[in-house]
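Per-chain numbering from 1; labels A, B, C, D, E, F, G and H assigned in written order.
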C-alpha cells in the first residue's frame, strides 16, 4: 500500500497505524502521529486501519530554543 | 526568600528558561542544564527521520519529571501552522505549554505580529498555556496579554545574534504595563545582557545560543544563572540614582590637612 | 576551580573589594561585608574626634584577621599629603597596602594624574603595595604600572555617581596592555555595571556607594557578588560573537511543512 | 602646657605622649600619632616628652571607599 | 546634485517633513517653516470650535501652493475612525496624502500595529497616498509596504519624548528591506538624532516638537535642516570604517628623530 | 549672527579645523578644504626627502594667506622633541600656533599626559599659541589650561579609528569647566559624531581621516561642514528635554470622536 | 429644529446646510461637513435640507505633527 | 667634506649652508634648517660656513592631522 509519510511517498505492508509505527521501531518512543491532518492518539493506533494514499506525519521533540 | 515566578498556575523557583538546541553534544547539554538550575526547557517539533528513527530524540537525554517542557512552533509561517504544531506537541502528553514562534523572514527570524496574535488567541482559547515570542512593540505585547497569553516573550534582538537588549526603553515600557510575566527571549549574547534585562524588571530570561555556542557552554550556563540572580537582586534592592556630580564615599570631615 | 587573583604577593579568592563608608549602620555594614564575601576592605584615615574619641572607629566592627585592609589617601590634594597619610596608615601596623586617591576638584573628585603618578612612585619605592585610583587614561595607567603600582584602579565614573562604565573602550585598552591587575574603582551603580567590567576582563571591582546607599544594602551586596561571578564566568567562557543576522536555535531540517 | 592637637589649640598637664593619649582614653585604641609631622611609634609614647607648641595629630581608621 | 525623494509620484527636494503643532505663535511657526525649507507639512483634523469658528485654522497662516499637505488621523483609536478622518481630510480638496496615526495608549501614543495595518490597506485601496506612523517592527513595516503604503514612518521614540533613535538596529533593518521610502517619524530630540537616522539611510525625517518646543524654534529648524544635509551627505560619502586601533593621519616617514 | 570663535587673539568664523593628511591627491584635498570653509589647517613637520627634495611639500597646494596654519609635533615621543619640532615650525615664519602631539604607544597613538603638560607649559612660555592634543581627562585638561594652553583638544577616540565620542560625559565636564576653547580632536568617524560634540558645547572640531579616507572626501567635507552648523545651531537653540512619556504634537481637543 | 453639531445639541432656524454653515461665518473657510457620518461636498450644501436630529460634524485643519 | 644630513652621512663640496641648500634646489622652498640642534635663520645661510661632521636637518611641512 502506498502512503505519504513525513512528506515522502512510501510503500508499506502494515495494515494498521500500530504496525506502521512498529516497523520503524517507534512504538515505545515519544512520537505523535497525524493522519490526513488529524492527530491519532496512541491508544487508537491498533484499531486504526491504513488506507492507500493516506498522508501521515510522525513527529517528535528535538532540540530547540 | 521565596521570590518565585508563577506562569499558567505553575510556581517556578528559577527565572532562567533554557533552550536545547545547538549544543556540541548531549553530555555538555545535560551538564549545562544541570548547572543552570533551569526548570523550563524549550524544544522544537520535527518529523522523525525515518532513515534513523531513534536519533536526536532530545528527550532521551533529559529526565521528564524535573522540568516544564515548553515546545515551540518554529517552522510555522502563519497562525494555522503554529496551531497545528502546538496540537501535535500537546498530544505528546508532555506539556500543554507552547511557545508561539511564527516567522517569515529567514534573515531575521523576527516574529510576525499579526499571525502571532491570531495563534496566541486561538491556542489560549483551546486551553494552552501560551508564551508568544514577540517583537518589543509595547502595544502588541499588551494585545497578546488581552487575547490570553500566559506570559509575553519580547525579543532582546534577533535569534542567535547575541546583540543583547537593543531597546531597553521599550522593554521597560512592556514590563511597566504588563499584567502577565515578561520573559525576555532571543538575542542575548552574554551575562551582562541578562542582568540588564532583569534590572529592568523582567520576570525571566529564555536563551539558548548564548550558552550552547559559547566556547565553554557549561561555564557560561553557570554565568547566566549568576546573572539572573545578580540582576534580580539588584532589581529588588533599589539601586542608587545616577547623578552628574560626585559624592565622597569616605568621611568628609576631620581631614588631616584641615585648618 | 582555583581562579584566584594575586596582588602584592597576596592570593585572593574574591574579586570584590568593598568600601566601608556611608552605610545606614554598623550592623547593616557587617551583614553586607559578610554576604559580599569580600576579602579586601577600604578605609579612610581621619583625625580622632577629641570630643568623642571612641566614636566611629570603624574597625571595632570588623574582625581584622579576616581581611586585607586597603586604606585610602582621601583628603590629599597632592602627592606629599598622600604620602603622609599613607605612612600614618602603615604605622597602624594593620596593612602596608594603600589606595592612592588625590583629588583637587570637589565637584568630580576625579584623580589628579600628575600627583597620583608622583605619589605612586614614591610609595612603591618605600615598599607599600600601591593601588592608585586613576582616570581611565590608558597611557597614564601604563605609567603607573611602570613606577611600581601593584594594581591600577581606573574609575568607571566619578565617585558616588552610579553612572557605570563611561568608557568601556578605554577600560578594555587598559586591560589589554596591563602587566598588573586592573581593578575598576568608583562610579559603579548597579550589578550590570560590574558584569560589564568583568566581561571586559577586569580583575576585580572596588565599590562602596552602590551597596551602602542602595535601598537594601545587604541584598545589593549579594547581587554584586553574583555579578562578579557572572561577569567572570562569562569572560572565561568565551561569549558568542555578535552577528547582524539571525541563526536559528531550533533544528533547521525536517520541518513539518516541508515539501 | 599648650599644644596644637588635630588642628586645634589645647591645654594639657600631660608630660608624655603616653599620658596625653591616655587622657583621651585612646591608649588601647588603634590610633596613630604624629608629632610635628613625624610619626611616633606606640612603644616610644612613654618616653616621649611633650614640649610647648608641639603640633600633634592623633588619627584612626574611619569608613571610606 | 539632484538627490531627490519621490513619494506618491511627487518629487521632493527637501527630506525634512515638518509638523505644525505647539509653536509659540503663528509668526514663529512660519519663520520655522520658511527656514526649514520643508515641502511637506503635517496637520490634524479637528472639529471647528463653534464658539469661535474662525480661530486656530492653521491654514490661514501658510501659503497652500508651496507645500504638500500631510494630514494625520490623530485621535483615531481604530482603523474605522482613521478611515473616517482620512476621508474628511481628502474632502477638503487640499491633499490625498494621509498619515495614518492610530493610538490607544495615552501614556505612549504608540501606534496600534493591527489597526494601522488595516487602515493603511483600506486607504491605499481608496487611492490615498498613505504614510503610516508605525512601530519600528521590521516585519510590520514590510507588511505595511505590501498592503500599499507609499512610505513607512517608523517612530524613533514616542511622540514628544525627544529620546532619539531608540533602536538604530531595527531602523537599519527596515531601511535595508524597504521597497518604499522610510521616513523616521516622532521622538526626535535634537540635530544629532536626525543625522544618525539619515546616516543609517533613512529617506527623510518628520518631526514637530523638537522644533516647536525648542527654546529657539527658528534656529532649531535651521539646525535640523543642516542636520538633514549633514546626515545625507555622510550617508552618500561612505564613512570610514570603525577600527579598534589607531592609524596616523600625519605622514609616518621622515621623522626628525629617526636614526 | 556673528557667533565667532577666538583663539590666540585670532577671530575665526569657521569652527571646523581640517587636517591635510591621507587625501587621495592634492586636487581632492584642495576641493575638500575649499568646500569645508575651514580657516585652520593642520600640518606635520618632516625631513625633506633629499632624493626628491621638491616632492610632497604640501604647502605648494594651498594659498597661505587664507588660513591659520596649525603644525603638529607628531613624531615626538617626549616634551623635548615636541619643543624642538615646534621651534622648527615657528622658524618657517608661517605660524606661531602649535598642536602639541606626543605619543609613545604605536597601537593607540594616545597622548602622554605628563609630557604633553610639560611641552605645553614650555611652549606657552616661549610665546607659542599652544593647542595640546590630550586625553579626555578633565583634570588634565584643566591643568593644560592653567599652564597656558590657548585651547584644549581632547580626543574623541584614538586617531584614525572613527569610533566617535567614546566618553560624552567627560567631554561635557571638560567643556563645563574650561576657561579656554575646547576643540574635539581625533577619532571622529562621521557627521553625527561632530554634531554630538557640538551639541555638548564643543567650540570646534579638528578632524582629518574621516574626510580624507571617506569614499567621497569632498562630499564628506561638505557633510562635516553642515554637521558643525547643525550641532552649533542645536546647542544654541536649547533642545527639548528628554521625557519618558509621550506628549501629543497634534491638538488634544475637539477630537472628532469626542462625546 | 434640533441638531447635534460637533457632538453638542444645537437649536437652529437654518433650513439648509449652506445656511447653517453661513450662520457660523464659515462659508468661505476651509471646512468639511459630515452629516450622519457621510461627507457632504461643498457644492451640495445649498440643496441639502436639514432634518431634525441630524448629526453634523464641521471640521477643519489644525496644527499637528 | 662629510656631513650628516637628515640622519644620513653625505659628502658635499658646499662651503656654506646657502650653497648646500641650493644644491638641493631648495633655496626658494619653504624649508627650515637646523645645524647641530640649533635653527639657522634663512638670512644667515649665506654667511654660515659648514664644518666637517656637522649634523644638519632640513625640514618642511607635509600633510598631517
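Definition applied: a residue touches a chain if its C-beta (ideal position, glycine included) is under 8 Å from a C-beta of that chain, and two chains touch if they have at least 3 such contacts.
Because the structure is a prediction, the values reported are computed rather than measured.
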Just knock out subunit G conceptually, keep positions unchanged, and give the connected chain sets.
one piece
Compute the distance, rounded to whole Å, between the mean C-alpha positions of subunit A and subunit H.
95
Subunit A to subunit D, mean C-alpha position gap in Å, rounds to 93
The distance between the C-alpha centres of subunit B and subunit F, rounded to whole Å, is 46
Suppose each chain is reduced to the average of its Cα coordinates; what separation in Å results between subunit B and subunit G?
55
What positions in subunit H touch 2 or more of the other chains?
6-7, 57, 59, 62-65
Using the touch definition from the top, which residues of subunit C touch two or more other chains?
19, 21-22, 44-48, 56, 72, 74, 84, 88, 108, 110, 159, 163, 208-209, 248-251, 254, 256, 258
Could you list each pair of chains that touch, in label order?
A-B, A-C, B-C, B-D, B-E, C-D, C-F, E-F, E-G, E-H, F-G, F-H
In the complex, the residues of subunit G that touch subunit E are 5-8, 10, 24-26, 29-32, 34, 37, 39, 41, 57-65
As the complex stands, subunit B meets subunit C at residues 19, 21-22, 44-49, 56, 72, 74-77, 81, 84-85, 88, 107-110, 158-163, 186, 189-192, 194-196, 199, 208-210, 212-217, 219-220, 222-224, 226-227, 229-234, 236-251, 253-258
Residue ranges of subunit H in contact with subunit E within the complex:
6-7, 57, 59, 62-65
Considering only the defined contacts, which subunit C positions touch subunit D in the complex?
19-23, 29, 42-48, 50, 53-54, 56-59, 69, 71-72, 74, 84, 87-89, 91-92, 94, 159, 186, 206-209
Going by the contact rule set out above, which residues of subunit B touch subunit D in the complex?
248-251, 254, 256, 258-259
